[in-house]
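Following are the structures in question.
Two complexes come next, and they have one chain in common, subunit A, joined by subunit B in the first and subunit C in the second.
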Partner chain A sequence: MTMTMAATGTSIWRTTIDSALVLVILAILPQVVDPYQTVLLTYGLIMAIAALGFNLLLGYTGLLSFGHSAYFGAGAYLVAFITRDLGAHSMELCIVGGMLGTLIIAAIFGFVCVRHTRIFFGILTLALSQVLWSLAFKFFWVTGGTDGIRVPYASLTLLGGLVDFKGGGSFQRFIYAYYYYVLALFAVSTTIMWVIAHSPFGKALQAIRDNETRARFVGISVRRYRWIAFMISGIFTGLAGILWVPLNGLTTPDILYWPFSGEIVFMSVLGGFRSFTGPIVGAMAFNYLKTYAIASTEYWQLLLGVVLVILVMALPAGIVGTAAQLAAKRGRSTK
Partner chain B sequence: MTIFVIQILNSFFYAAVLFLIAAGLSLIYGVMRIVNLAHGALYALGAYVSAWIVGSAVGHALEGTLGLAGMLLLLPLGAIAIAAVGALIEPTLLRPLYQRSEEYHLLVTFGLLLILEDVMKLVFGRTPLSAGTIMDRMGSIPVGRLMYPTYNLFVVAVGIAAAIGLWAFIYRTKFGVILRATSQDRRMAAALGINVSRVYVQAFAIGCFMAGLGGAVVVPAQAAVLGLGIEVLILAFVVVVIGGLGSLQGALVGAVIVSFVRTAGIQFFPEIELAVLYLIAAAVLLVRPTGLFGRA
Partner chain C sequence: MTLLETVSLKKYFGDTHAVDDVNLTIAEGEFISVVGPNGAGKTSLCNVISAHLAPDSGKIIFKGRDMTHSSVIERVKAGIARSFQLVNLFDDLTAFDNVALAIFARDGKIRNMAALADRDREVTIEADTVLDQFGLASKRNEPARGLAQGERKLLDVALAYALRPNLLFLDEPTSGVSTREKDKIMDIIASVVRGEGITAAIIEHDMDVVFKYSNRIVVMHQGAILAQGTPDAIRNNDDVAMILLGSSGPDAFSRKE
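This part shows the complex of A and B:
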């Protein structure tokens, strides 16, 4: 199997310059496009963080989780609890609290799940995520049941209280401020994930994915590495859930239900889970695809299902993988 | 005491339906190593098609000439329709993927689930469909001081008959031998001259038939609604995980365990009833990943 996980051959400078360019474009975009597009972009960036976390398990460790809704949902509900029950306003406090909580859940679930691989791992993650869903669904006096919990953006402050959203025109201000807030966290998350994926730890994960037995003989403690990868993956997806709540204004059990886990898998495959950037591109693309499918037809699930089936049958390498293949082919033909 | 008996009867009713679904899921996994995420949607489709067939028969005033037995005989038509759908899906969507890793199996069946959910919305609309006439016509029998619907007992009988029939089919017929041989070693079976592709189509169609039959027998008691298959799939997973993926006995025992825990849960600890089931599944996977009856 030939796999180019990173920009092999190109220098680290090239990667840095490319990502800086993308960041600059992303920073300029809200000045050019209308507020609705800015909101969509924010959702896209948030889902990209979730997919990035998810792909540390699928793309790098070779473990397909069908239960990542658990960490996204846990992050979202923790923010709701922190703002509602503790009366906190600081978004940073929500992030720290939410990530700590998600870490604990991912540590417990991961400890159980990494005892298995392949299909059993998938079913185990699914079953455990559904435990959280059923709790959120049934304990309505805590979680609001299917009504969920409201998290109004106006009650939150960013950057330790420097930015608040009171008074007139606050929604506009919130959209712009929150976009840059999310963009900054996206940049930080992507950088951290890039470092993790290219660190000796990341290489060890790839070794485990490609050949577990050999990895064990080299002296890698396979189960512990998988567990750590699971926790990192969970925290990233949890952060996405945390950031998602104020934008959505509401958290419901839907984001804990297993079809939402399927959506996270969908995004990563859409972009291409064999590359680092694949899940990011996939999450952004999926976000637009879903938004426009819902807006244009009542039968948007049908549309998404057809796209997924075609993708699996015809383009298993995803958007980024297929683009890379095309570029390679063109490169050969011009030589 | 009467309540207790009724709860036990209810548990067996759930167990019969769950067994039909889980047995199909397990059979498909056992033979072709595919975890079919669309299995619940196929069950829901079976419920819709059966309700629609019975509904149109009643609507066309065939009811008088049909009688109760006639309407009961209409129900399996839904299951046969689902088997046909399955025979269409396997060669087109699944066959090209057997050589690829199982992530793709899960994804393609997830895509299929999304498609089927909306196809049901498109074809049958948003209003729930039911074949309640059958249940009404069968009446009820006295249990202690209360009345119990006869139809539920009929479903239990169908479940038992399906279990015996499937067992005899797999362990006592030539096709069953071929099926088991293919399941154990695909390449060796092909080398012995077995047409593996055909066995796969047949196995998948039988699995889908079971899911469709589950839907068909449940629809006189409980209306077919959108999203019906999504929750049921997870329950069927719990059943096959407890019993062991790919094991028929496991599906039977798992279905009984899950139904009894559910009934007890609804009675005594309704808030954590579902959570307990998922936790049992997780615990079984942890201690004995092959389930109670599975093989490694």
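This part shows the complex of A and C:
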């Protein structure tokens, strides 16, 4: 498990080549699969960005946030406000505005939460996310209450107005264009997060995770670093929320509610929170599992629950963690 | 020149006088040992000086500056580093990353999130040199949790040393390892510390080790300094022999062996 985090340096070219390969496959996929699968993939990539942000706190800093729905939801609602109340059409404007807003919320919430660790931290993040949920729920004249706010894709433009979705067959065009838009942002986000995780700052977070006392005794301001990690984490998850809205066409209080925070936690654990790629794989896998569970039965929560329990019991290190363990074992036996 | 001075330092835990009116002076370049029976207050003294514990009263003056109320980080920045009796490492990081982290923190590069840690040549070279000095070069890429106890003790000291402190406190660097390993560990520590002329204070139980390496020995008993002096003076001090060995006489320490 630890190996996947430690293995860098010489393997940097290997990582680059592997990532490029995955990117090429992801870029080709919409050409060969039907549009529905493209939509599913887009959702998966968006959730992957959310989980990637979340895992900077869990996997790298050792803080389990149970309130990341707050940042996802904040991003989503901010896009709704920007398009509805400011009448903006540019997706880039939504992204910048949404990320700034999410940063402010994460900075305030984080400032409060990083004063604590472990269960107290988790409960605080949960409580604060529920504050946002109740605001979205009760202030219906602003937020639309349970009806939420519609964000029609047709009202948006991509790349500063270069791509718009007016006229016939626009939904097909939107799905296609938006997939590549999300894929590009996913690639950028993943690269940035990878650099952060492997930077001196990222090492400091891991040091804090492993031994808070010793981190202080080498001169690291533990609380400040946790706070910065919290903000970065919030922005990434916020970006996911921002990208999610046009695809969903609607934002409702559900995405601010705590079960959604639970889903983000679950994606990371399912994929393996001790590896960089774990949350990405976990988010994609969870997205498919949930979609097909919903499609196959009315009791999809039960089915999904059972499948997830079995998966976690069978793969305690997560999908990526277990795969790495198996690869290491094979490598050793062939030597 | 005086590097560290404590003035009437006190730390009580209820009725226990862990540190009781301690006036300790450490001069630049000294290698001192703090000895005493279990519960004498050696570790408490180290904790108070390193800001791990706040003193009840008294003063800590480091490089002429009153640092009694400064934080751990301020003291680390000022040049006080310490190792721990119960090994305190970043267990999931490699031995290399453990040391590199201390160097990044010392140089103020730790804030950088836009560069890869492994690509910093200066830090890489220095961290590898430190690992080599401590005989840990072959364990470079092992996670700290996978190292043997003796190696973990050395890595703990290496972390503190990598901060290039002016004053290095070592809390029982050889506790919990076999007698055979003890000498090896102390030889490594002594050669590194002496070689660089670092001022060091070492808390130790093993009197052989203490007599062999220190310029000066400070004997603590019930939180207070009972005696201090050169190894020879302490060897012939009857009070000290009584406290440490339970018997006295001109050759008490050698008889014990």
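Assume the second predicted complex is superposed on the first by the 321 of 335 C-alpha atoms of A that agree within 3 Å, B and C clash if a C-alpha of one lies under 4 Å from a C-alpha of the other, contacts with A are read in each partner's own complex, and residues count from 1 in each chain.
The rule we apply is simple: contacts are C-beta pairs under 8 Å (C-beta built on N, C-alpha and C of every residue); 3 or more make two chains touch, one makes a residue touch a chain.
Computed from a prediction, not measured in an experiment: that's the story for all the values here.
Touch criterion met: A:Leu126 reaches subunit B, while subunit C stays clear of it. Within the superposed three-chain model, A:Arg84 lies out of touch with both subunit B and subunit C [touch as defined at top].
In the superposed model, A:Arg173 lies in contact with neither subunit B nor subunit C.
Contacts of A:Arg150 after superposition on the shared chain: neither subunit B nor subunit C is touched. In the superposition on chain A, contact of A:Ile12 is made with subunit C only, not with subunit B.
Contact with subunit B, but none with subunit C, is seen for A:Pro316 once the two complexes are overlaid on the shared chain. Once the two complexes are laid over each other on the shared chain, residue contacts for A:Gly262 go to subunit B alone; subunit C is not touched.
Touching more residues of subunit A than its counterpart among subunit B and subunit C is B. Shared-chain residue A:Leu302: touches subunit B; no touch with subunit C.
In the superposed model, A:Pro200 makes contact with subunit C only, not with subunit B. On subunit A, the positions that touch subunit C within their shared complex are 2, 5-6, 8-9, 12, 195-196, 198-204, 206-207, 209-211, 213-221. Interface residues of subunit B, counted against subunit A in their complex, comprise 35, 37, 93, 96-97, 100, 102-104, 106-108, 110-119, 121-122, 230, 234, 237-238, 241, 245, 270-275, 278-279, 281-282, 285-286, 289.
Partner subunit B is touched in their complex by these residues of subunit A: 58, 64, 66, 112, 115-116, 118-120, 122-124, 126-128, 130-131, 134-135, 137-139, 257-259, 262, 265-266, 269, 298-302, 304-309, 311-313, 316. Across the complex, subunit A is touched by residues 50, 52, 72-73, 76-77, 81-82, 84, 88-94, 97, 100-102, 104-106, 109-118, 120, 141, 143, 159-160, 163 of subunit C.
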